[in-house]
Amino acid sequence: MAGNSFGQLFRFTTWGESHGPAIGCVVDGVPPRLPLAEPDIQHWLDRRRPGQSKFTTQRREPDQVRILSGTFEGLTTGAPIALVIENVDQRSKDYGAIKDQYRPGHADYTYDVKYGIRDYRGGGRASARETAMRVAAGAIARRILGDTVTIRGALIQIGRDRIDPDAWDWNEVERNAFWCPDARAAGRWESLLAEVRKRGSSAGAVIELVAEGVPAGLGEPAYDKLDADLAKAMMSINAVKGVEIGAGFGAAELSGEDNADEMRAGNDGRPVFLSNQAGGVLGGISTGQDIVVRFAVKPTSSILVPRRSIDRFGNEVEVSTKGRHDPCVGIRAVPVGEAMLAVVLADHLLRQRALVGAAAAAG
Amino acid sequence: MAGNSFGQLFRFTTWGESHGPAIGCVVDGVPPRLPLAEPDIQHWLDRRRPGQSKFTTQRREPDQVRILSGTFEGLTTGAPIALVIENVDQRSKDYGAIKDQYRPGHADYTYDVKYGIRDYRGGGRASARETAMRVAAGAIARRILGDTVTIRGALIQIGRDRIDPDAWDWNEVERNAFWCPDARAAGRWESLLAEVRKRGSSAGAVIELVAEGVPAGLGEPAYDKLDADLAKAMMSINAVKGVEIGAGFGAAELSGEDNADEMRAGNDGRPVFLSNQAGGVLGGISTGQDIVVRFAVKPTSSILVPRRSIDRFGNEVEVSTKGRHDPCVGIRAVPVGEAMLAVVLADHLLRQRALVGAAAAAG
Amino acid sequence: MAGNSFGQLFRFTTWGESHGPAIGCVVDGVPPRLPLAEPDIQHWLDRRRPGQSKFTTQRREPDQVRILSGTFEGLTTGAPIALVIENVDQRSKDYGAIKDQYRPGHADYTYDVKYGIRDYRGGGRASARETAMRVAAGAIARRILGDTVTIRGALIQIGRDRIDPDAWDWNEVERNAFWCPDARAAGRWESLLAEVRKRGSSAGAVIELVAEGVPAGLGEPAYDKLDADLAKAMMSINAVKGVEIGAGFGAAELSGEDNADEMRAGNDGRPVFLSNQAGGVLGGISTGQDIVVRFAVKPTSSILVPRRSIDRFGNEVEVSTKGRHDPCVGIRAVPVGEAMLAVVLADHLLRQRALVGAAAAAG
Amino acid sequence: MAGNSFGQLFRFTTWGESHGPAIGCVVDGVPPRLPLAEPDIQHWLDRRRPGQSKFTTQRREPDQVRILSGTFEGLTTGAPIALVIENVDQRSKDYGAIKDQYRPGHADYTYDVKYGIRDYRGGGRASARETAMRVAAGAIARRILGDTVTIRGALIQIGRDRIDPDAWDWNEVERNAFWCPDARAAGRWESLLAEVRKRGSSAGAVIELVAEGVPAGLGEPAYDKLDADLAKAMMSINAVKGVEIGAGFGAAELSGEDNADEMRAGNDGRPVFLSNQAGGVLGGISTGQDIVVRFAVKPTSSILVPRRSIDRFGNEVEVSTKGRHDPCVGIRAVPVGEAMLAVVLADHLLRQRALVGAAAAAG
């Protein structure tokens, strides 16, 4: 089964290359009669759009989304929803130099060895531009989840510099160029990234996502565990190298009694958990607590510092990537991660609805 | 789509509860004419089997696998392969006390809230017993991968105690009860786990898996990236809370130039990589280097130390789990992780073969 | 994706060869808390069981089904349901003669050319024995559909002899050895089949299935149309060569005005259709009318009359199939067709429930 | 799983409504390095295009296809191929009258009852316009099949008037407006359809498809039989009510010895079949003979003759469909059927390649 689709019941398929005429996706399985118009999707795309600060790529793409099918008089119809964004600022000349070279850390070599052919213009299909359509699909997923579910993300680490968790302020996230919840860390990162850029280098990052209001009972126990699907969703984002849920790798260092979240009786008949090491998932199924996911993004491999490599003829070369690149691609991964969290939750909400009916699935 | 299957072309479906009559799986999509008999599978099951040391559960299951279909005269036929293991040592009485209680850190509550019914005997479907069938499926996957691919795993951390990477010796892995590649760490862990057990507590762990000889070109670029499927595979194992590929979360702390693996020309026309921060995957596609995956296992929540919880009637209770449990479930996760790595690779090998033909897929 | 599974949300996977130790299936996606015990499945298996009259194979299989997982205290749990039937009366010797020969009209040659290996004992995986597990899965599907949906089938033609549609009596179906709704046709078929058997030949048949009480709204418009999935379901049954819905091929001969079923207003707000040329499906979606499906079964190719063929070494041979065979396999296809109708409806009921919620899906 | 996709390895997803801005599809799983440009697809679309004769709808759509992704320098890259056709001649006013009415024989009622909302303009998603994208996907499938496979279709019956099989001439198919292989029948149909149109009525049809050069060994034995997938493919085309393979329903009337195709040894080591009642499929697997499929198309329900119906408020109404409609939609179903045959074969070719490797799959 070809690999450009994600999800089972809420399922989207993306297409398009960085420097082709357009990118797009088809979102299938969307329940009918949900309000949906282009601004509902554009709102989220604008958060991811390049060129918004000096810390993201200077490629200027308006990223105006068009809905080509699946809605009627402002409502979804149950038919597949086709979305398209035209590629405007392509500047193919920027990339001609690397036509035959394999940029270290990039997918140039692996595409060539896999397919025997490669659209080298701007990374082609491997470009992070593909993630725009994830954000678009995520916007529709949020419609399915409704207003009771809140999905937010934040950058909690750049390079070796982590935020102070006690300083976490969701309002701060919208105020700086990093989606950083800690105002002081945001200040430090300004100079950190300026220095990285000056060196012609790049920096990695860690993102934390939180979904509040997720009903208990979502996720399939064995292979399609909620956290397994989340791990796949996050790891499928370009440049991601690690994913964790709740305490994550830190769970390995806890004692059994510190790790297992205790429960007390809540007023509404549901349990109140006294901690959330589990990150909202037990046995692959949501507990009703916040879903907490973190993922690590490697530093972009598009750097000015020259690196040793080979070309596709086997010659040894030095590669230095000019052009417009983010010194920290992790920043723009925040809205992408949020979107992937939304699509996984929407898919599992529909799956649970199929299993037990709508009332029960709503928790 | 129901959640008890894994894989696309190499696809297996598991069934069975901890205390039902048997557990089993059906493996579909296996190419014909591969040699396969019960001992080929039993060999790997024996590595996972409980009751082999004082550090794993004392439940005594011979775990004798039977092949019920799909082979003929010692060869696979292309028909689905059904495997079954009878449950022998069930001792249902051990579990009666927790019939109505929700054990903290376990899936008791989430199963009840999801399904409105729960087979409480030994964890039912949520029991780690299900992982035996993953190991069985993995044994068949290894047949597809053939002798040129080597898959091995090791325990590299228990609690806060990590191995010394410089002391890594694969031969040592088979010599101690922990699949530990560092003899001195193995010695320390003996006393560490004895102490944990004495306290009635449990410890978490980190496992590292390495696949050598994997051809370049496996993995689909967008959503079914090789590393995305590996992340799902590992996170779907019971008690896993984090997954990373190559440098993993550490990649966030590297500079772009330290993270991007440089290449030089090899004698065979393929590149020689000078490092492996990528863990053998670029753009979701294997590079031909070693595939390196790590995952974190939380400490088992089945502990003697009493913990606060509620029962299914909403009463507040104290839960203390007696019965036979591993002080560190991470130990037995090593062969399970190896198996999941094998099934992901076999699936993608067949997918690549569909795309480009057999010769190219073999790399 | 391997081919031994059927359905999307209600999904079953069958395994087993005619002369292996057992056959079985795993049914995944079954909603929890449905009453289910072995007799619920056995009831339907007994209708298909061989050896019940002189017009079906004399192979004596008790076909006792066992449930190995997925139920607890008489209710489904939402976990996968494993079913197994042991093969008892295998008589492998009967088949040794055809080890190397390709029986005309059978899958011997195609299995060899596809797989390069063939379990020749009793047809192996290609044996109609596989259909027992379809009937078992169908029994579970009926539980999901509930009592408001009635699924029945009848044999309406053997060879060139068709029933009189005006003589249709559902009660008669249970009274004769043919599932024939026309008592006089049943009488004629007794002598017809006696004569066929005497000649060492075999006869084809046509089956009609009717599902009453199916809610309107089931089926996906484009590719997973309800009738498209029904066509696949029926054509996947061994020896089936044609499928039609409602007026079927006869629709090609109707005028537009005779074909389009008129509607009047019903008392309950739903339309009353004045005819049912559509067979209960419009645009791939159920109308609330009876679903009417017919399929044609070829005469079994296992006949005494000698036929020209070749063996796997390329030698020309004459093949005459001895052993125990049905003179008209269409008879035993009736309960199999009913089961496949049930599984398609159950799957689409769950899909509709996912899309619009339980209340709406129940029609 | 949402229903707008078809195929497993060669998989396409269509979108778009009759009167939206465009229709399109995404074709995933296409092997790399196949030559593909817009004219390769346009060639087949032009055969299906409306407005080409007085016997098909007078809607004038140039149906100019654009490739938006997945090719580079005239070759496929392995990335998903997005195709789009703009809707030009929409004339929404034609359809306003039926906004609230349920046209008999159409999907108006079933869409409303399924979704609770309906894009009534020109049939919306239910419009036969969707089939243009099937033809486009089929053009790509033909590239995968290569030049050794020939797929052709013909109209063999309109209303009650069948062709003379002995007069079959493939060259004639391209010479008349009906894809009719019998020149004399084509002549009769001219007057037949003129009379049908004059009456404000419509006629049904039967199409026969033949695929030559298909390698033996394609198809999965149990549920994804080649003929089962073909049955689904054909029944999923708008207005199709019946499908048959080889002798089809006629097989029910044959004796076992007349039905089972005899084999003799061929010069190339492969069998020579002495007849083709099987239609090229045994046990769900291709035999290497011609694949022969027939399907029946009902008369269009868009007719001038007034018919009784209701509207969505429950009022009883009379419906007479004006606007531009084909008197026999079966004519334009010929290229659509050819395309669906191509996509099923391409998908199974890739599946067989995954199973046994490329050389064996090529037969």
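List of remarks:
Going in written order, the chains are labelled A, B, C and D, and every chain counts its residues from 1.
Please note the rule applied: a contact is a pair of C-beta atoms (placed from the backbone, for glycine too) under 8 Å apart; a residue touches a chain by one contact, two chains touch by 3 or more.
Given the structure is predicted, the values throughout are model-derived calculations rather than measurements.
With steps allowed only between chains in touch, the distance from chain A over to chain C comes to 1.
A comparison of the A-D and C-D interfaces places the larger number of contacting C-beta pairs at C-D.
Distance between chain C and chain D, defined via averaged C-alpha coordinates, is recorded as 26 Å.
For the pair chain B and chain D, the distance between mean C-alpha positions equals 45 Å.
Chain D has its Cα centroid 39 Å from the Cα centroid of chain A.
The residues of chain A that reach two or more other chains are 1-5, 8-9, 14, 29, 32, 78-79, 114-116, 125, 221, 351, 355-356, listed in rising order. Those residues of chain C lying in contact with chain A across their complex are 1, 9, 29, 31-32, 78-79, 221, 350-351, 353-359.
Looking at the complex, you find that chain B touches chain A at residues 1-6, 8-9, 14, 102-107, 109-111, 113-116, 125-126, 130, 157-160, 196, 199, 201-206, 216-225, 227-236, 238, 241-257, 259-265, 269, 271, 274, 277-279, 282-288, 296-303, 305, 307-310, 314-316, 330, 351-352, 356, 360. Listing the residues of chain A that touch chain D in their complex gives 1-5, 8-11, 13-17, 20-24, 26, 28-29, 32-33, 66, 68-70, 72, 75-82, 84, 114-119, 124-125.
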